[in-house]
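Once you scroll down, you'll see the structures, which are given as structure tokens.
Shared between the two complexes below is chain A, which has chain B as its partner in the first and chain C in the second.
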Partner chain A sequence: MTAPMVHPVLKNGVGAFIPQCRRLVFHYCERSGSSRGMIEYVKKDLIQFAKEHPHVEVIVTPRPSKHPVIRGLYLNGKDKVVCVRNMEPKDIAGKVELLKESSGNRMKVFKKPVISTTESVRGIWSPFHSAPHKI
Partner chain B sequence: MLRTLSGRLACATHRANAAISTSVSASRQFSTAFTAAQATPTATAASPVTSETSSSSNSASPVNLLRDQLRYYAVAEIKNRPYLITKNDIIVLDRLKDVQLGDVIELNQIKELGSKDYAIQGKPYVSPEYYSIKATVIEQPKGKIVETFKKKRRKHFQRRYHMKPLHTLLRVSELEVKAQ
Partner chain C sequence: MAGLLRTPLVLARNNLRVSAVRACPPALTRTFLINVKPAKKSKAKDETKINDTTTTTSPSSEATGATTDSKYRIETPPSAVVAFAHRLGLNNLKDQTLLMRIVTHPSYERVGVQTNEGLDTLGARALEMYVLEYLHVKYPKLPTETLQEAVEVYTRTSTLEIMAKELGVDDVARWVRSKPDVGYQLSSKTVKASVVRAVVGALYVDQGPAKAREFVHAHFLSRDFDLASLLQFKEPKLYLSFLMKRLGREVPVARLMSETGRKSKAPVFIVGVYSGTEKIGEGFGSSLKMAEFRANTDALKKYYMEEIKDFGLPSDVDIEGAVYTPTKIGDTQVIV
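Let's look at the complex of A and B:
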């Protein structure tokens, strides 16, 4: 009989902070015009980015006859893909920042200002344990 | 529920001892603390707790009473908005332009510092020598598309605006009350 799987409760940032983006793959086509900005970015700005972020594995691969694409792989195993066809190097740098700064989670609506899994400090209100109303 | 009841009964004995200014509710004790240099100049004169804090090594001082309890919360003001936080929480803010991933931010605008039975309310902020609160920038994501739809009926006017909000997520890595 196997023991049940125990999943560690991860609280990134409490003890140590681990950046969530672990790999960025840059696909480009050498012939097509939509990859022009991507090729220029790879030649000029990408090396500086890779040096500044040693925790991110940067891969550049030709992908012929397709639009240029940046694929980010994260520590939770999920990936995010961004098509950067016809973009200037400045805009591609913005997309790279976007991928680098997010985690693998889906984009979602944040409804509350604080996300908490701890019990409430003051406890749940009960009419039997609070001061009676006085007029 | 039982745990709550016994906890309140146990702390009832403290109420008689502490000379703390009380608010309306009998079950919780509130103390107003004067603040450090960033406070308004009139804060110290009007505070009823001035005599308490002068004997700061007293173990019954408000901060030590609060500290002896198990868990704390704080109401932090970030960019003029209040956030009620405990340790390990994630704060969702509008995007901060001047932070990077992994930066540690010390929060020093704390309006209220509390535990189960005691709370210290700042005027306007609690003195930073009572606490140490730090938050780490863990993520700066884009949110889901938000649609704003405006219509004026019978006037042939309607608009759809779309935007993707930018956020900064902070993880509260440390929330400690310092012994006085």
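Let's look at the complex of A and C:
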């Protein structure tokens, strides 16, 4: 008895939802002015963020003489980096939100109107291309 | 340790120790857990460097023993384990020390370190049991061999390894890589699969069978898999006639239902299989033979894949207040 080499496929959100962002790394420099907003964000808002999102590992580490960046690492092995130089804490919070919510996949253009595992042969029904409805 | 584990926020510092501390508010400086070596210049490997070079400096004596084989040792910062636990809903474990135990493979031998050996074994059995129980009750007519194959598909190492990646086990597994000169090479797949099984085992021990079952249903059985693809028949016509005989029904007869382009390059035939007046299967094909083959296979799949809706499971008795009402039990396999 050996089953063929097939594997059940994850449908994230069916049964359980696994948040895809696993780690956020905050790099800042304490001498340069471009990190001013970042340092303020780390001091004031980051602990609250970490408490609210316990599934994300938060790491703060200095990177001298460089602009501040936030790096998001994802379960699919990819990462996303956002430069937050000269940004205010409010804007940085927005970027953090963006990284946290991202799936880590690359941006792609959806060319087909329907994405489905069981695609219909006939496509989407359109009211403009069928016989008019009679009562 | 438990108190520290609850805080996922970890501050890392590099060699610029003084300035790093100065930049952080005093409250944060106390939560230093990780000592990160200065990141390398290479962009792509930046993060893995952080991951590899971090060493736990938690108060427990686990990580203090210096070993010569540190090159092969894969360590885990506690903060990553806490994030992993929250991702999987393990944050409610009564015994929080189980977390480190789940992610520690037996290859990670060290004095005073608990490994996931027992949890792995228990988890493997619990996992198989819950998957088997669910499939058996949902598809009572499924042949035993196919049922066993289905359980294998859901619980084998390669599936668990894929799951491990999707759950973020790569980040937290603690183990020791085999040295190149050793005959048996421990695979990272084995390690990751053991961690996934240990999660089920830990839930079973700590939270009880109901929670373990909930986890198996949510993370394993919710996956998309076409069970009917496991049903393969070499001679469906013969098989179907034996099945009908066993069920005491009329001999199956194939009838041509419609056709197009018989003389053309691309003909299509649609054949239906009838037992008496009841149509039990339908198939298409570019030849009559192929269409009949498909129709017979379809009839068999329809019979064996009969699905029970709104069923109870035998393990319902583990849940307080729930009563198990058995559904019908399927027939044994047809001998051809």
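Going forward, the second predicted complex is superposed on the first by the 105 of 135 C-alpha atoms of A that agree within 3 Å, B and C clash if a C-alpha of one lies under 4 Å from a C-alpha of the other, contacts with A are read in each partner's own complex, and residues count from 1 in each chain.
As a working rule, a residue touches a chain if its C-beta (ideal position, glycine included) is under 8 Å from a C-beta of that chain, and two chains touch if they have at least 3 such contacts.
What you see is a predicted model, and the numbers here were worked out from it, not measured in a lab.
Legend: residue contacts after superposition of the two complexes on their common chain; A:Ser65 is shown touching neither chain B nor chain C.
Contacts of A:Gly123 after superposition: chain B is touched, whereas chain C is not reached. Looking at the shared chain after the overlay, A:Val6 reaches chain C, while chain B stays out of its contact range.
Contacts of A:Val56 after superposition on the shared chain: chain C is touched, whereas chain B is not.
Using the contact criterion defined above for the overlaid structures, shared-chain residue A:Phe110 touches chain B, although it does not reach chain C. Touched residues of chain A were counted for both chain B and chain C, and C has more of them. In the superposition on chain A, contact is made by A:Pro19 with both chain B and chain C.
In the superposition on chain A, the residues of chain A touched by chain B in one structure and by chain C in the other are 11-12, 14-15, 19, 117.
Residue ranges of chain A in contact with chain C, taken from their complex: 1-12, 14-16, 18-19, 22-23, 25, 28, 30, 39, 42-43, 46-47, 50-51, 54-64, 71, 73, 75, 77, 79, 117. Residues 11-15, 17, 19-20, 98, 100-103, 105, 107-110, 112-119, 121-124, 126, 129-131 of chain A touch chain B in their complex. Considering their complex, residues 7-14, 16, 19-20, 22-25, 27-28, 34, 36, 39, 46-47, 50, 77, 79-80, 82-83, 86-89, 91, 145, 148-150, 152-154, 156, 158-159, 162-163, 165-168, 171, 217-225, 229-230 of chain C touch chain A. Of all the residues in chain B, the ones that touch chain A in their complex are 1, 4-5, 7-8, 25-28, 71-73, 81, 83-93, 101-102, 114-116, 135-144, 146, 164-165, 167, 170-171, 173.
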